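Letters A, B, C and D name the chains as they come in the text, with residue numbers starting at 1 for each one.
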Amino acid sequence: MRAEEPVFTPADPGFASRVLASFARQGLMQTLGAHLEDIQPGFCEIRLPFREGVSQQHGFFHAGATAAIADSAGGYAAFSLMGAADSVLSVEYKINLLAPAKGDLLIARARVLRAGQTLSVCRADVFVRRESKETLCATMLQTVMRLRNRADLPAPG
Amino acid sequence: MRAEEPVFTPADPGFASRVLASFARQGLMQTLGAHLEDIQPGFCEIRLPFREGVSQQHGFFHAGATAAIADSAGGYAAFSLMGAADSVLSVEYKINLLAPAKGDLLIARARVLRAGQTLSVCRADVFVRRESKETLCATMLQTVMRLRNRADLPAPG
Amino acid sequence: MRAEEPVFTPADPGFASRVLASFARQGLMQTLGAHLEDIQPGFCEIRLPFREGVSQQHGFFHAGATAAIADSAGGYAAFSLMGAADSVLSVEYKINLLAPAKGDLLIARARVLRAGQTLSVCRADVFVRRESKETLCATMLQTVMRLRNRADLPAPG
Amino acid sequence: MRAEEPVFTPADPGFASRVLASFARQGLMQTLGAHLEDIQPGFCEIRLPFREGVSQQHGFFHAGATAAIADSAGGYAAFSLMGAADSVLSVEYKINLLAPAKGDLLIARARVLRAGQTLSVCRADVFVRRESKETLCATMLQTVMRLRNRADLPAPG
C-alpha cells in the first residue's frame, strides 16, 4: 500500500555537522535530556531516557516530551536537506498518542515525506522501549518551512 | 461569527484542588518551570517564564515547550469538568505556530469547546509576552479522553 | 481569553469579485450545491443545504461535505487578502467533528488568524441549522499558501 | 524505521458486506462518483475518477474530494474490525496536501494503526494517477470512534 520512500540527496554535504550544531543550541533538548542519535539525508532519530522530570501525572512520559522530540526530529530531518545558509522553522504539526508512553526510553524517528522549495512535510513515529521491546506510542505529521539565507543562529538581542 | 462560549457546571465541586494535585505530579511541568495560573470550570491557564533551558536554536521558546503547556492546559480544562474518580488522557492534538515565541513569558489559555461523555475537545491559544504586550504565537485544537473510575494517580510500578 | 480578532485591509480592492469568480470555477462546490454567502476581508461564509447526495450512512451531512465547505471558506478568507495576481492553495488542515451534522443547512464561517507573506492560518467553524437553531458541529484549523504571480485560473492542459 | 504493520483478525466474519452496505448508504460517495475498491481487515481502498464536478479552481481534484474519500476509507478500515452491532464515527482528522491532485484517478488507501476498544487511529495515503503513474498527493491521520450496539443505519427521522 505504501508509496515508496523517497531517496534524498543532500544539497549541503556538511549537513550532519550543521544539524548537530543546531541541535546543541536547543536548550530544551538539553533540559529534557534528549540526544540526537542519528541523522541521514531526510531522516533523524532523537532519543530521550525516562526520568521523573519528563513525566506526566501517571508516571509515564509526558505527551509534551514525546511531541518535543518528535518535532525536533522532524525539523532536523527536513533541515538535513536544506542549504548551508538556510534556517528551519516548524509551521504546524499534529500528533496522535497511540499508547501510554510507559518505558525507559523514548525514540522518535522522523522522515521527510515531501521536500519542497519552501515547505517540507515530515512524519515522525515515536516508540517507547520497555524490557527491550519497542512499542509505537505516537505518530506525528508535521509541516516545516525553509527560511532561505537566514543562518540558523540565535537571533540578535 | 462565533458560537457562544459554553458555560459549564463542574460535576465535582473539588475540581480545583484535584487539578492542582494532578499538575503537581507532572514532572515535566516542574522541569520546564511552568505553573498553573488559573483553573475554572472548562478553562485553564498555564504560564512559563523564559530561560535558555526552554529555548530552540534561535533563542526563542521551543515549540515543544509551547505545545507542552498548551497540551497540559487543555487536558486540565477538560479534567476540571470530570468526576472525582475520573482520569484524563490526551488523545491527539494539532498546533499551528503563528509567530516566533520571542519574549519573557509564555501563556497558554485553554477552553473546552465540547465536553462529551467520553471525549472532550479543547482549544488552547498561546500568547508570548514581550515588553508587556501579548502576541498570539500558537493555537492548538485537542481531543482528550475521560477514563472513568480510574483515579488520576501514578500507575503502580 | 481571546486574542482580539485582527482587522484586515485587503491588498486588492476587487477581492470580492476575484473570490466569487474563483469559487464559480470549483466544480465540487457546484456538485455539492454549496454557495458563497459572504466574503469580507479575511472572512468567508459558505452554505450547503442538506440533500441525500451529501449524506453519510446515518443520513446526516457527510464529514467530507462539512470539511469541503470549511476548506473552501478558509481558502477564500485568506485569498481575499491576497494580491490580484496571486493564487491560493490549501497546504493542510485539521478538523474536529464535534456533533452530528444533523439538520437542513450547513454553514461554514472562516476567519484568517494570521496573514503571512507566504502562509496564512485560518480557523473555520461549521454550524448545522435545525429548526432555526445553529449548533457548532465542526471546527477546522487550516494552513494555506499564497502562490505569487500565478493567476488563479485553470492550469493549461 | 517503521513499526511493523499490525495484522488484524476481524471480530465479525461478515465485515465486508457490512462495510459495502454502509458505503452504499453514503450519498456523498455516490454524488462524487467514488467506489469502494477493496476492503480487508484493517484496510480499505476507495477510488474516484476525475470529472469537472470534483475539481477545484485550477482544474485539479478539489482537496474536499481528496479528504472525503480518505476519510471514508479510514472509517471503513476501522469499521472492518468492529462488531456486527457497532457503528463508526469520524472524530477528527488532519490532512496534508503534498502535491497537486492532477490526474485521471484518485486512490485513497487507509490502514488502521491502532484499533482500540473505543478509539481507532488510521492513516490514509491518497495517490493521484496520471499516465499510469501513481503520485502520493495527500496523507491523512484520523481518529474514529466505535459506537457499540448502535447499528450503522440511518437515524430515525
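Definition applied: contacts are C-beta pairs under 8 Å (C-beta built on N, C-alpha and C of every residue); 3 or more make two chains touch, one makes a residue touch a chain.
Please read all numbers here as calculations on a predicted model, not as lab measurements.
Of all residue numbers that take part in the contact between chain A and chain D, over half occur on both sides, making this a same-residue interface. Superposing chain B on chain C by their CA atoms means rotating through 180 degrees, a value rounded to the nearest 5.
Rounded to whole angstrom, the centroid-to-centroid distance between chain A and chain D, based on C-alpha atoms, equals 28 Å.
Note on chain placement: the centre of chain B and the centre of chain D lie 32 Å apart, centres being C-alpha means.
With touch defined as above, residues shared between interfaces to two or more other chains in chain C number as follows: 91-92, 94, 96, 121, 141, 143. Across the complex, chain A meets chain B through its residues 22-23, 25-32, 51-60, 62-65, 67-69, 71-72, 87, 89-97, 100, 102, 152-155. Across the interface of their complex, chain A is touched by residues 91-92, 94, 118-119, 121, 141, 143, 145 of chain C.
For chain C in complex with chain B, the touching residues are 1-3, 43, 94, 96, 98-99, 109, 111, 113-114, 121, 123, 125, 127, 134, 136, 139, 141, 143.
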